[in-house]
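Going in written order, the chains are labelled A, B and C, and every chain counts its residues from 1.
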Amino acid sequence: MKELICITCPQGCHLKVDDENGYTVTGNRCPRGEAYGRAELIHPTRMVTSTVKCTGGSRPRCPVKTSGPVPKDMVFAVVAALDAVELTAPVRIGQVVLANVCGTGVDIVATKDI
Amino acid sequence: MYDVLIIGCGIVGAAAAFELSKYQVRVGILEKENDVANGTTKANSAILHAGYDPLPGTLMARLNVRGVALARELCQKLDVPYRACGSFVLAFTPEECATLDTLKARGDANGVPGLGILTGDQARSMDPQLSDQVQAALYAPTAAICSPWEYCLALAETAVRNGARLHLETEVTGIEKTGGGWLVHTSQGDFSARYLVNAAGVHADAVHDMAAPHAFTIRPSRGEYYLLDKAEGSRVSHTIFQCPNRNGKGVLVSPTVHGNLIVGPNAAPVEGDDTATTAAGLDFVRTTALKSVPSIAFGQCIRNFAGVRANTEIHDFILQEKDGFVDAAGICSPGLSAAPAIAEYLVQLLNDAGLALEPRPDFVCERHRTRFKELSPAQRADLVAKEPAFGRVICRCETVTEGEILEALHGPIPPRSVDAVKRRVNAGMGRCQGGFCGPRVVEILARELHLHPEDIQQDKKGTWLLWGETKGGSAHV
Amino acid sequence: MYDLIVIGGGPAGLAAACSAWDKGLRSILIVERDQELGGILNQCIHSGFGLQYFKEELTGPEYAARFVDLLSQTGVEVRLDTMVLDITPQREVHMVGKTTGYRVEQARAIVLAMGCRERTRGAISIPGTRPAGVFTAGAAQRYVNVEGYLPGKRVVILGSGDIGLIMARRMTLEGAKVLACVEVMPYSGGLNRNIVQCLQDFDIPLYLSHTVTDIRGKDRVEQVVVSQVGPDRKPIPGTEMIFDCDTLLLSVGLLPENELTQQAGIALDPRTRGAVVYENMETSMPGVFACGNVCHVHDLVDYVTAESQRAGAAAAAYLMEDAKHESRVIEIQNGPGVTYTVPQHIRPQRVDKSCGLFFRVNRICKDSEILVTSGDVPIARFKREHLAPGEMEHITLPRALLDKAGPTLTVSIREVN
């Protein structure tokens, strides 16, 4: 039995995951918690947020995020890949700024109009 | 070749430069830091003492009383925040009541005007938050408060406007006697001058020893302070002292010209210019101050700081001249109060040593800076219409505009650091302590000084703010 | 003359203005001191916003953009880069801006939505030297996320509030080494999820019941000393740990920014440090409302939005309803375990169906009961499995219950076991 704190929302439910019996999750208050508890033990993933360089706009950085979760052990690689990205304003919110980052199948998208 | 080179641009060096700039004298000032007022001058109680503390007959007594009289006029002419708030020395015991009599007699002998001894009730009627344990108080109506760094800056700026040259980041490393005067080695090369003035504050003994046989030792004494939010600024309306003890004037509680409340200092011997605060020191300050004014809300503290006083074993200012080398040393309290009178005295010493004093016909003795916050709505509207930069508020806590920062950057001694901006226009002095405006001030400094933001310092050289640029930039090196 | 002037264009101001527009007000001005709308959300580039309100996980800028979009569909006027300097009792709003000039605008109603600021080193009197390199977490966040600069390379964080935790991860991802997060209380001030994904994910130790007792370094921070504290929160001698670092980030609490409120003579609550408000977020000055972090510090922007919508709607109602319901006033008091409540006053006759009550507890409690008493008589109980000071609590009081209540209601916490 593994104890976890759910990170899917600010409620922070205290989960118990039975890793010896099919990863059954208890302590969750919503289905997202169940999915998180299972995934966290089998193949943990994280959303990544960061910035990329952006010229010609009101600020020198554009905030970005992964379009979905990436494997937890890929987080640093994903962030490093952003060093090479340089945008030019205008940038639209939701715009893909780096497709299929590190071969994860996940895109990096802008989270702000610049 | 200068006629007079002043070493150190704290309040004493700046006052000396100002006084000398009234005459046709080539004046240079060497300052090791990147701004004026960066030592004891920026970290003290900011009080212009009435003059009842020093023993009659001392230089301290004479120059203190004359200095505060000069300060009143100077602060007005040079646009330095100043308030004649008056002061109390409190007595809690019969012994302390006797001390008040001694202080009053001393003050009368020193020529301090208007001293009077009040009962506890009389004192409380003037400052209702005083402790009900107060039995009597010495009232000194001529005590005042000022902005010490702006006072220093105003004197230095005026000297510069009148031809003095200020060399910042120029640290004196050696001094040699030459045929025509003195050769001064510095971190920025050599300077020569006919006369030298040693106004090096806590380092005055070291500077003296470069030029002459050892004569005195500075024994730095650190004082720690609380600066409280403006919400506490009217807790008292006078400067409140307790009876002096062997460590000095003791812990005071005072309004500041910026509207805050200042509480401190303690006194502890330290090495060099160690201005760290300590838990024990701050604790002592807090408990001692509560004896005078029990209602102080220390939860409103916005900053602690410490300053070092340049005490010596001689209980007087050391103002002396030999071979054209003039010491202005041991300028501990009441140095701020006495500064303009010390400057007059130094100039007299130089004159006695042969420096000709031909008045400068075009001497300018005025200074003005825009204080947006203090303008009426109509004046603000006019100003912003003329100069839109005054419409952009950078420091929210103190309502300081971009226009004021730009004005400082185009002044006679432009700021080079975030704290130098603070000392000129008060940005970052308020309750958020630069949390909001810090990054914006960095941006303005970088833009106006054509520097990279990474090169902007918080204060002195070495006080870097930013490690480097993210995203493959210098932060990854 | 505007019907409504909203001071602040962050999440609170945006929601209040949109809501007032929806309720029919047509002359609304938002005054924002920054160069864009969205307030602090613009630098909060991490995700976790909007789960309550939009039922999806957004980043700060995205959450702001949703409301900026909504606003653009209204006729609400916006004045950017403009700072309000004064509010008079006649509801004249003095403001100044680089391009907008100095103006005095008359408002029939005002919503205060100025947000909050961070507590600083001075507020907690950390002894030591005063070198560069001591930043509030929010200032560091601005440098990293907006300006693109890393303020330091080796970092200690004091305070486990959410901004501090978020910055631990953020600076780690940008190449800094975060050595420790230090919290004086025996529990974290931030959300559990942030402890997990910002500290544990990166093996950053969290020292509970510890604090920074000395800052060392002449020019730039060189070391900080961390000591364990006893139950009285005083450092225990002999427990010192020394960290070699160049940066200390402070995440030691937020303070509502109420200078304008205070100048205007509006009553403040020393517990929240915000205005004392009624059930509809109206302050002691009729027609002036307060919402969001200027009223009390929230953990979640979603709650700021909800509260601000109430304030905006109430401002509209204030102007559009001729007859005000006369009402008696119930005062809400803190009982044991509760540090503050918002609102502080409820006018039951002005409550439609029910009134929400927000509050914070002063310690971590398991299996507890929130008890509402009128005088000595319990009139409502709410069960909770988990209560923590870092998490704002919320109960709903039905109108019928309020009608029965006496002149004071007390909210208290009782652990049941």
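Basically, contacts are C-beta pairs under 8 Å (C-beta built on N, C-alpha and C of every residue); 3 or more make two chains touch, one makes a residue touch a chain.
Keep in mind that what you see is a predicted model, and the values were worked out from it rather than measured.
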Innermost chain by mean C-alpha position: C
Chain of greatest Cα-centre distance to chain B: A
Cα-centroid distance, chain A relative to chain C, in whole angstrom: 26
Separation of chain B from chain C, taking each centre as the mean of its C-alpha atoms, in whole Å: 38
Chain centre separation in whole Å, for chain B relative to chain A (CA means): 53
Per-residue overlap in chain C, given as positions that touch at least 2 other chains: 144, 146-148, 174
Residue list for chain A, restricted to those that touch at least two other chains: 51, 53, 61
Contacts with two or more other chains, residues of chain B listed in rising order: 470-471, 476
Residues of chain C that touch chain B when the two form their complex: 33, 81, 83, 85, 94, 96-104, 117-118, 120-123, 125, 127-133, 136, 138-139, 142-144, 146-153, 174-176, 213, 216, 218-220, 235, 246, 257, 259
Sites on chain A touched by chain C in the complex: 4-10, 12, 14, 46-51, 53, 58-61, 63-65, 72, 75-76, 79, 93, 111-113
Chain C residues touching chain A - in the complex, by the definition given at the top: 35-36, 42, 45-48, 51, 57, 59-62, 65, 144-148, 173-174, 191-193, 195-197, 201, 299-300, 386
Contact footprint of chain A on chain B as seen in their complex: 470-472, 476
Sites on chain A touched by chain B in the complex: 51-53, 61, 82-85
